[in-house]
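Look for subunit A in each of the two complexes below; its partner is subunit B in the first and subunit C in the second.
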Partner chain A sequence: MTAFISIEGLRHFYEGRQVLDIDSLAIGEGEILAVVGPNGSGKSTLLRIINLLEKPSSAEITYWNGKKLTGLDRGERKELAGQMAMIFQEPILFKRSVKANISYGLKIRGVARHEVDRRASQMLERLDMSDFASREALTLSGGEAQKVTLGRAMVLEPRLLLMDEPLASLDTPTRKLVRRDIARLVKDMGVTAVYVSHDYQEVLEIADKLAIIFAGKVLQVGKPSEVFSRPASDVVAEFLGAENLLDGEVADCTEGLARVRIQGVELQAPCEMPAGSTVKVLIHPEDILIMMDGPEKSSARNSLPAQITGVSIIGALAKIGLDCGFPLIAYVTLASSEELMLEAGKKITAVIKATSIHVM
Partner chain B sequence: MKLSARNMLKGKVKSVSHGAVNSEVTVELTGGDQVVSVITKSSAESLGLSEGKDVYVVIKATNVMIGID
Partner chain C sequence: MGDIWNGLVQAFKLIIHLDPYVMKITLFTLFVCGIATFFGMLLGIPLGSALAVYRFRGRRLLITLVNAGMGLPPVVVGLFVYLFLKRRGPLGFLNWLYTPTAIIIAEIVLAMPLIAGITLAALQNQNPKIRLQAKSLGAGEVRSIITLLRETRISLIAAVIAGFGAIISEVGAAMMVGGNLTLNSQPYTRTLTTAIVLEVSKGESETAIALGIILLAITVLLVWLMTLLQQGSLLNYPTRIARSLVSRRKKEEAA
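This part shows the complex of A and B:
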């Protein structure tokens, strides 16, 4: 795939201190690239450089129209900037109606009035906010306001959407809803997007590609499940902290409890997604219990026959590699591991509470 | 039950309160202390949990937090 944007040799300094050092990073057309790293790792600076708001110390960026950053004249710069939209952590809205806020960018671009009206109404409909059209924007909740900010950016039909921690100021349940709206709208409209966050859990559901950035350097780029299953370094693994991230499919779902199939094995977990949905399943190794006999009567919904593939000691814990039809890592105390004489080849039952399984 | 969990505490169900998906089960331990567990509603039903039933509370050591006054 030809890159939609390709970044080569990006070096950037603030007062003599290097803040970005990226050899190469490419974004494919229609892709959502999540750039994740701790605060101060250079994520927002990267967005501002892509968006032409900041000039890098040195870099070559090739945009979708074949134009290169180093050769842009004023007109080309303006044209490219007009094809990019950016949303920030805090929704910034004008003291006008919701519809006027959505229409703003179209108006200043000189779009005909009836067309402005049509596109703004259509955007409100897509956001499921038609009833909010005449509402004063400053009275909206945080989540609604961020949706309007998204609509105001997307109504311009940008080629590239840049998002800088767009959910950071929202509470957890609202985050989930707005995140879904973002993913749906961006995918439906086929817009390429870069999504910056310090929280990897936030982007798992929506990112096609994940780039882990640390101290200005991109440490790994890949599909989220690949980055999780095969972290490129201990720094990445530690940052992600997730050892069991699996690809699955919802077999069925009744009253909020689903059967999720992972490589032919079924797990029960809380989930609101319909049958057939492709999902990611996150299980923390600390939440897996090891039972020596067959399934006993317990409240845990998942008892999986498994074989131990390896045992390694990490401080007071034993890390137990399991094959349950798919690979799984469990942590138990060293004392338990010794008492149960856990070793490679032994057959056990892995017990997991449904409520400990996170389906995304 | 031969389990890797370090903590298996004996008690009696004090109350069960069902939500849409999950149930909250309060267990009174032998010493009188109470432990609250959130399990799926279907588990609470299939184990037939109701007031007075003898149960074990199973807690992994890695999931226990310790506080001091």
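This part shows the complex of A and C:
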């Protein structure tokens, strides 16, 4: 697939400090790329550079029309900028009616008045906000306001939509609703989008591709599920909130299956590293099965006798703390936790498939 | 007390009978101050905007000058404009001294920094991301600033009110560079304030009071209109009327 946008050798300095150092990053047409990283990792700057609002110290960006960032003339710059729209963390609305806000970009583009009116009304309908048309925009709640900024951007039918932490200023229930609207609208309209966030959970459902960015560098790019289950490094794993990130040592390794020793306990996992290597071991808490009556025969390579150290409830899940020679966290549904009467002190067996263990 | 009462009665008579002398002064004052406020806006709003939006060398110095300009004593402004325009002054060849043009120039110098200063303060109070948001939706440099100004219109109207109020009520500069002239052979340069000073010194308190009332009334009326504009109700009247007409027609159609 030829890239819709490709970024090569992006270096950017701000007040003598390097804030971006990206060798290459590409976005395919119709793709939603989530750029996730902690605050201050350069995500917003990246968006502003793509959006031509800021000039990078050096970079080559090739846009969808084949135009390159270095060598854009005024007209081309304006044309490209006109095909992009951006929404920000705080919903920035203009002091006018909701409909006038939605119409803003269309009016700038010199679209005929009745056409502006038609498209703005249509967008309000899509957002399920027709009743808000004549409301003064500054009287809207945070969630409504962010929906309007989304509509104001999408009504332009941009080739590229840039979103800079669009949910960060909202409360949790509102966040869900607005996220749903964003996902729906962006996917329905088939718009290519870059979504920047500090919270990977926010983007899991929306993103086709996930880029983890740290201190200006892209550490990993891939499908969210891939990145999540196979982080490229412990930094990525830790950032993704990995509960079970353990230090281990490869005892031996044959035909891609290794025995990895963690605090004296051995686990079998796929691995290509030679014996004696120190490694990080990642086990997702959802991938740990809890069994009550000893290890029955199963295809799982790892059965560890363990004792429950604590149970805490997170929504519909129970988070089970285990001691199996090393501390481990497992997630089970609240229902099965109650059925099995899991509680601190109880002895169980933790079963982990070798393929659920990620060694890096 | 009797004098004041008599004065008031006479003043109302002058106003009600549209006394030509009083009317001419009033219209002239409105003309001069209107043009000066207009040019004050034309220069002051872009200057204030530029100072608020851009960072450049000398910006701080300019801001200091603008802020100082907001409190300029009219007499001193009059003096400087006089020195420039007098026959042997650098601009003496223009022959503008003791003409309406001279008054207008002096009033622009007074109004412009007020308007620029208030514009600057108002724009700096706005969220700097407004302009970024406008640009990201396709606005160019100028358009993004116009959008920002629109967000600040309440303060902008306040700036214009302040500018107009300052120059319609000042007497020092208008007197010094205008000369308070009414003779047919000379340009007419008598404003409400300069006339009041003259009438009082002649002992004609009725005329002075009439002019004073007019000055007050104009100021209050214009400030009131601008306040309506500022608070949005003036602009809302036509839409409200239109809306009620539409809804009435709909009801009639339904009936």
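Quick note on the criterion: the second predicted complex is superposed on the first by the 245 of 360 C-alpha atoms of A that agree within 3 Å, B and C clash if a C-alpha of one lies under 4 Å from a C-alpha of the other, contacts with A are read in each partner's own complex, and residues count from 1 in each chain.
FYI, a contact is a pair of C-beta atoms (placed from the backbone, for glycine too) under 8 Å apart; a residue touches a chain by one contact, two chains touch by 3 or more.
All of these numbers come straight from a predicted model, not from anything done at the bench.
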Item to check | subunit B versus subunit C as contact partner of A:K95, first or second or both or neither | outcome: second
Checklist entry - Touch check for A:E205: first (subunit B), second (subunit C), both, or neither? => result neither
Checklist entry - Looking at the overlay, does A:K78 come into contact with subunit B only (first), subunit C only (second), both, or neither? => result second
Next on the checklist: On the A-aligned overlay, A:E226 touches which partner chain: subunit B = first, subunit C = second, or both, or neither?
Outcome noted: neither
Next on the checklist: According to the stated criteria, A:R152 is in contact with first (subunit B), second (subunit C), both, or neither; which is it?
Outcome noted: second
Checklist entry - Which holds for A:Y104: it touches subunit B only (first), subunit C only (second), both, or neither? => result second
Checklist entry - With the two structures laid over each other on chain A, which partner does A:R301 touch: subunit B (first), subunit C (second), both, or neither? => result first
Next on the checklist: In the overlaid three-chain picture, which partner chain does A:E266 touch, first (subunit B) or second (subunit C), both, or neither?
Outcome noted: neither
Item to check | Most subunit A residues touched (candidates subunit B, subunit C) | outcome: B
Item to check | Partner chain(s) touched by A:D323 [first = subunit B, second = subunit C, both, neither] | outcome: neither
Item to check | Overlapping contact positions on subunit A, where the subunit C interface meets the subunit B interface | outcome: none
Checklist outcome for this item: In their shared complex, subunit C is touched by residues of subunit A numbered 48, 51, 53, 78, 81-82, 84-86, 88, 90, 92, 94-95, 104-105, 108-109, 149, 152-153, 156, 162
Item to check | Contact footprint of subunit A on subunit C as seen in their complex | outcome: 127, 129-130, 132-140, 143, 147, 150-151, 153
Checklist outcome for this item: The answer for subunit B against subunit A in the complex is residues 1-6, 20-22, 25, 37-44, 47, 49, 58, 60-63
Checklist outcome for this item: Residue set of subunit A touching subunit B in the complex reads 255-257, 268, 270, 286-287, 289-293, 296-301, 317, 330-333, 335-337, 340, 342, 351, 353-355
